[in-house]
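Chain naming follows the written order as A, B, C and D, and within any one chain the residues start at number 1.
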Amino acid sequence: MIALAAVLGVPLAAAFLLSFIAGYRLSARINGLASFVSFAGSLLFLVHRPAPGALFLVDDLNIVFIVLNCFVGFTTSLFSAGYIGHELESGKLTPASLRFYYAMYQLMLFCMSLALIAANIGLMWVAVELATLSTVMMVGIYRTHEAIEAAWKYFILGSVGIALALFGTILVYLAAHPVIGEGAQGMLWTALLAHAWKFDPALLDTAFVFLLLGYGTKIGLVPMHAWLPDAHAEGPTPISAVLSGLLLNVALYALLRFKILLAACPGAIAPGPLMIALGLASTLLAALMLYRRRDIKRLFAYSSIEQMGIIVFSFGVAGPLGNLAGLLQMTMHSLTKSAIFFSVGHVAQVKGTQRMAEMGGLTESHPLLGWTLVAGVIAIAGLPPFGLFTSEFLVVSSSFSRAPLLTAILVLGLLLSFGALLLRLGKIAFGPVRGETAPVRASSAPIFAHLALVLTAGLWLPPPLVAWFRHAASLLG
Amino acid sequence: MILVLLAGTAVLLALALAGAVVKGQGRSLYAIASFVAFLSAILALVSLPARPETLVLPLGLPWLGWHFRLDPLSAFFLLVVDLGAASSSLFAIGYGRHEAEPGRVLPFFPLFLAALQLVVLAADAFSFLFSWELMSLASWALVLVQHRDRESIRAGYVYLVMALLSGLALLLCFGLLAGASGSYAFSAMRLAHPAPGLAVLALLLALIGTGAKAGLVPLHAWLPLAHPAAPSQVSALMSGVMTKVAVYAFLRIAFTLLPIPPAWAGLLVTALGGITAVLGVLYALMQHDLKRLLAYHTVENIGIIFIGIGLAMVFRAAGGEEAAAALALTAALFHVLNHSLFKSLLFFGAGAVDRATGTRDMERGGGLIHRMPQTAFFFLIGCAAISALPPLNGFVSEWLTFQAILLGPGLPAWGPKIIIPVAGALLALAASLAAACFVKAFGITFLGRPRSREAAEAAETDRFSLSAMGILAVLCFLAGIFPAAVINAFAPVSRALLGAAMPGQSHLPWGTIIPVAAARSSYDGSAIFLLILAVTVLAVAGARRLAAHAVRRAPAWDCGFPDPRPVTQYTATSFAEPIRRVFGPIIFGAASIVRMPPPGATAPAEIETALHDRLWEIFYDPVAAAVARLADAANHLQFLTIRRYLFFVFAALVMLLFALALQR
Amino acid sequence: MIGPSMIGSVAIEAVQMGFVLLAAPGLVGIVRAVKARLLRREGPPLIQPYRQLARLLGKEVVLAHNASWLFRTAPYLILALTWAAASVVPTFSTHIIFARLGDLIVITALLGAARFLLALAGLDIGTSFGGIGASREVMFASLAEPAMLMIVVTLAIAAGSTQLSSIAAFMLSPALGLRISLAFALIALGIVALAENGRIPFDNPATHLELTMVHEAMVLEYSGRHLAMIELAAALKLLLMISIIVCIFFPFGLGGMGAAGFLTGLASYAAKLGIAAVLLGIFEVSIAKMRIFRVPELLGAGLMLGLLATLLLYVSRSL
Amino acid sequence: MGLGFDIAHMLAGLMVLASLLLLYQDRLTALINVLRLHGLILALAVAWQAHIQSAPELFVSAAIALLVKALVIPGALDRIVERLGIHRSVETVGGIGLTMFAGMALVALSLRVMLPVTAGADPVSRQDIALALSVVLIGLLVMVTRRNALGQVAGFLSLENGIDLAAAGARGMPLVVELSVAFSVLIAFIVIGIFLFRIRERFDTVDLAALEAFRGERR
């Protein structure tokens, strides 16, 4: 109960509180503190889980997501303290919008935690929708032409996606209706899963199509991805980190829940082929898009699409190793990509631009930022000694013997995307110094914390963690 | 034993961490690394004939762990790795003094060494690939040491992309071998019996994966870019050792993890090896950057090694030809060792020249034999060894390879009968072109008159660098005159891989090698050396006794028209011109335009030569162009209207619904 | 091991090494004399090459200012390498002690080593002539050596050995029929031998100061005893190549044992050398020197002949 | 079966008809009027469902629909048109005939998809959900074929109406009210967004082409 209060109640209360506080330092502290409390609360779930209820459910699958969510939320709040301070100084944000920012930040965390923890598919939908709304607000916070365009695009595409997801949710309820009967039971995970084998498989298939496209929009799967790069590029960098590190995961989580449902219903189509197809399309297209990017944040946003493609592919291939790999890849991607965005945020602040043409030789002018960026890109490319190597190893090696051709395509995508990222990295991190060289007050702790975790995971995965992931993977079928 | 070796690796990793924080040139760091590598080399040598040892560390994936295994194959390659590591660290003690930004070298150099050791010891797919990629990464960072240089960045780019290609190909290969259940340990893979089709696919993937790392044509393109860009001790490691680690990986997969592949696979490897050897040396001949020339020679030598490996595969597949297979494999292994020795030596020499003159461009060298006599001497030994001149080591391994080739026509099938002699012709061509190339490399750089002020004022390099070169030169020499001892030391490896070894050579007098039968062929390195020595003494003594002793120094004769200006000398480019004219039109699409002034005019004549890198044009440009085209096409998607994006969603939905409707 | 046969082998080896060294200039003398006669010139006496060597040995050495130690040591090494190679070839008896030291490939490689040094020496002074000679020499060699090795392959398939004594024994055996591939190999070997020695049509050993020269351009800076060593080595090389040809294709009188066999062998070897020298002289007079860049075509033809010989061997064996 | 079913069926059918009308309109004011009609029918349909399912909370839903979707939002849209002085005709992509044909095809598709798979559900839900899908798809089609932001809003609104209809038709579905509230919030945001983002001020027009001149990276 305490944990629930910490994870859900604290952010909500903080959001309310922060909307009245104008002082930058104070609100930054409250923001960090609230995020920390919810992170600590989420850790409590590890030792004690509340009993599944009508509203909330904590099980082996979502606990991974919840802890990750709260952790990245916490580190991002630390990062955003310094980042937003700089934005205030440089006049890009006004104190009024600052109040709005912090309140929205906590609200966003609340919505995402709620979506993860909800036991009811309707409640989850509502939470995802609210999360979308709050992030839309954040994306448009700079009020520049580009920011508003990005927010608007995000909003429209997100709304359509959300609407489709709702239609899918209604269809799931309809499928459950003859078996479970009327009432709230028909939307409860536990009840749905228990009776899934009796559902009408054809109806579940149809529902899954809508859910896949609906939540897939929020995951950023091609061809519904268009909002994602612009939203990442035009919003404040902490929000980019949260979008890539958390929001995509939340949508993915929702999709996975429904996948479990389908897996439990023997007559339903295997969701694998659809997920594989969308995953491959995302990986390949995003990899190609990387080549022509000029904006650094947009670059890494496309990289998120690519990674999401890999993850969805992996869950689509499934099998105990495939699911495990997917979970691991998702966790590692969250940590790595947010670390990259932290670095990128500072870089963009110091250079006064997000255009990569105006950055160069970072390892020389800003060794800390430069090398962490190098490490981040190395990690995101799935190279050792980082954790994404482990997960990509599992993804590729486990799926190749099952679907050789498809895996070959995936590998092609990996190679293409790495080629593009490395091409940029070579110019940004190395080469002659370009752009501003003023020193930066970087909040390096979050970057290092994330990279250290990813590094540790590459070298050594704690057996309990893996056992837990394996159990979660076995739930996924 | 294996624990001790891993402790050494751990020391190197600790050095890498220390390198990240230490200030200064890190001489003690190099010294420790050299010492550790030296000890490891001795341990590896000792454990060559020992029984395999295994160890599992609780790292990485909990249900798998990191498996390590020290068997003769890994011990042999560990020896090669550590010899290279010890000598290059020793070299770096002196050479590293000139490093402008040691902070970009010191953390990665020990990491690179450690990764090289780990690859050889790893005994499961995960730890193997982990170390493999780590090796690529560390060397990539070292390639980028001169990071302001546009060329370096390009080299690093091409290098790492190819390295990733190699890693992914190996990953797919291991994925096939491990199966869906994910039995990643090599011991488990050995027991699995994949279907023949899958086994061949795995072999081809392994060939791509290791070939891209070793530098098999056409996957070699990164090598001549990346190797020269790194500091010389690293170039030596990359050329001399890392490519050998790739050879190790191929042997490991093809000979121990897979069932016996069909003969045609061996022929494919042989043919690729032959083509690689010739193209590598031809490209080398066209270079005037000393280190790039050496890098292309690495391609050539990898080709020679793969000829040997391919032959071993062919003989192995034929059945009943274990002795021939053992001969071919021994030849390949011998060449692995040799190449690691003399290529490191040559890169050290090139590094010393680079530091002394400030350039790697041979056209700015000349006359260094007077300024850097010791370096010149060691470099000459290296040149002679790599040109396969008796009595040095390079000749022995090429001779052995040739003996293996001569056994090929004895096979009943027609494929080997035809392809193997052709490979022999290619090998012979490569060997003679290599000699030509090293006449050029040594002659233009060290002989003649200085072509630049820097060359004229060069100074001899430091004693650490010299001792590193000296040790390697002595090793080249010893391996050349005592080949039998070396072959006997390799016996456990080929026994482990093939179940047979080359017949022991130790009972023969003078350390003679007799690969098959005395009546067939034999070579006696030490006797040849003694003969040459004796005859030379005889000639010198005879000349002393019979000839006048007077020596007079005078200007060069030059047919009576000596020109003191150094530009009248032959350059690297003009030296290679005859060979370019012979092979150029086919291989390089070379075109020369000569502009002669009209008769009587005093204007200088001009010649312009354009070379095409045909391999790059055939294999890489189309890929790059295709990616660019696709990226341009895809890029339109960034600039559509919201309505269009909505249309995509709409279309996806309608399509999926259609699919659902059709499904029922 | 040390027994009468070994002592005999050592003795034969000593005789051979001495003989080849002494006979080599004479062989050159014969070739020159034949050529002069055919051109209706008086020509020098047969012992002219010996006189020349003696005179060179007596002269002082004029060294260029920037000559290095390599330049000074190379002549001795070149002579030594050539001589060592010659000591491995069975010339008039297969019972020489060094026969087992190496096979035909080793001999080729020893000659290659000598050439390597010579080319370097050509580059040492830094003159344009030295460069021209060295670069052309290595170009010839890069084609001649593979051709040589293809011949070795052919012989190895036919005789099952690369050891010259075994090949000679095989050629003497009655099992040998007339094989077209051996004819090819002979032609190819002839081409290689001409190229290796810088004879017409590849190079003209009699010219100086001609832009087409190769060997002479490399040694242009040598004088005195150094030049003597190099000239001797060149003569030795000519003898060596002829010896290889006769050893492989005309090994008559080679297998004899005892003093009688030894003497027959020596006499037949001397006769064979003489005939070869006359033939070479006739050949050189009757043909023009080639343009330098036609040379690769001829050498390439040699290489192809070698390869063809190998392939044809399969055909004739499978018949 | 019986009257309850017939009326529910008729109302749902009317919604499809209204959607098709929406597709047919090329003038803004008419478009908004049809939208008003659409909301009205929805409210009726939901109320009828509340009646036959005897689910009182659905009446709340119906009231929200009536208030928000039939009155407030169309009214707000009218004011936007007036305030911003947008030219009145909406540019459509593809001819009206073609889009109408596509709309018909979508109706057919949704019936073909939905009717077989809902064989187990009760008939009211069954026809409701099938027609709701038609409305959703046509709504998407409207969004895709209108170049004007208001046109897209209209499309989205009708899409949502379709989903509301489906939710109401699913017998005994919990949280319907909450869902419709959440949806109303969403729509409100869209409408407010047009004001709040000051699209008029910044972009002079609500035509998306102008907005999209600022698409990412084209600077």
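Annotations
FYI, contacts are C-beta pairs under 8 Å (C-beta built on N, C-alpha and C of every residue); 3 or more make two chains touch, one makes a residue touch a chain.
Remember, it's a predicted structure, so these values are computed and weren't measured experimentally.
Of all chain pairs, the one joined by the greatest number of contacting C-beta pairs is B-C. Averaging Cα atoms per chain gives one point for each, and the point farthest from that of chain C is the centre of D. Rounded to a whole number, the gap between the C-alpha centres of chain A and chain C is 77 angstrom. If you average the CA atoms of chain B and of chain C, the two centres end up 35 Å from each other.
With each centre defined as the average position of its C-alpha atoms, the distance from chain B to chain D rounds to 68 Å. As a whole-number value, the distance joining the C-alpha centres of chain A and chain B reads 43 Å.
Contacts with at least two other chains are made by residues 113, 116, 140, 143, 152, 212, 215-217 of chain D. Taken residue by residue, chain A touches two or more other chains at 152, 156, 160, 164, 202, 205-206, 229, whereas all remaining positions touch fewer.
Remark: the chains found to touch one another pair up as A-B, A-D, B-C, B-D.
By the touch criterion stated above, chain C contacts chain B in their complex at residues 1, 57-66, 68-70, 76-77, 79-81, 83-84, 87, 98, 100-103, 105-106, 109-110, 112-113, 115-116, 119-120, 122-132, 134-136, 138-139, 141-146, 148-150, 152-153, 156-157, 160-163, 166, 208-209, 220-221, 223-225, 228-229, 292-293, 296, 303, 306-307, 310-311, 314. Residue ranges of chain B in contact with chain C, taken from their complex: 366-367, 369-370, 373, 380, 384, 387-390, 395, 399, 402-403, 405-406, 409, 417-418, 421-422, 424-425, 428-429, 431-433, 435-436, 438-440, 442-444, 447-449, 509, 512, 518-524, 527-528, 531-532, 535-536, 538-540, 543, 546-548, 550-559, 562-563, 566, 568-570, 574-579, 581-582. Chain D makes touch with chain B in their complex at residues 93, 106, 109-110, 112-113, 116, 137, 140-141, 143-144, 146-147, 152, 208-209, 212, 215-218. Contacts from chain B toward chain D in the complex involve residues 638-643, 646-647, 649-650, 653-654, 657-658, 660-661, 664. Chain A meets chain D in the complex at residues 120, 122-123, 125-126, 129-130, 133, 136, 140, 145-146, 148-152, 155-156, 159-160, 162-164, 166-167, 170-171, 173-174, 177-178, 181-184, 186-187, 200, 202-203, 205-206, 229-230, 233-234, 293-295, 298.
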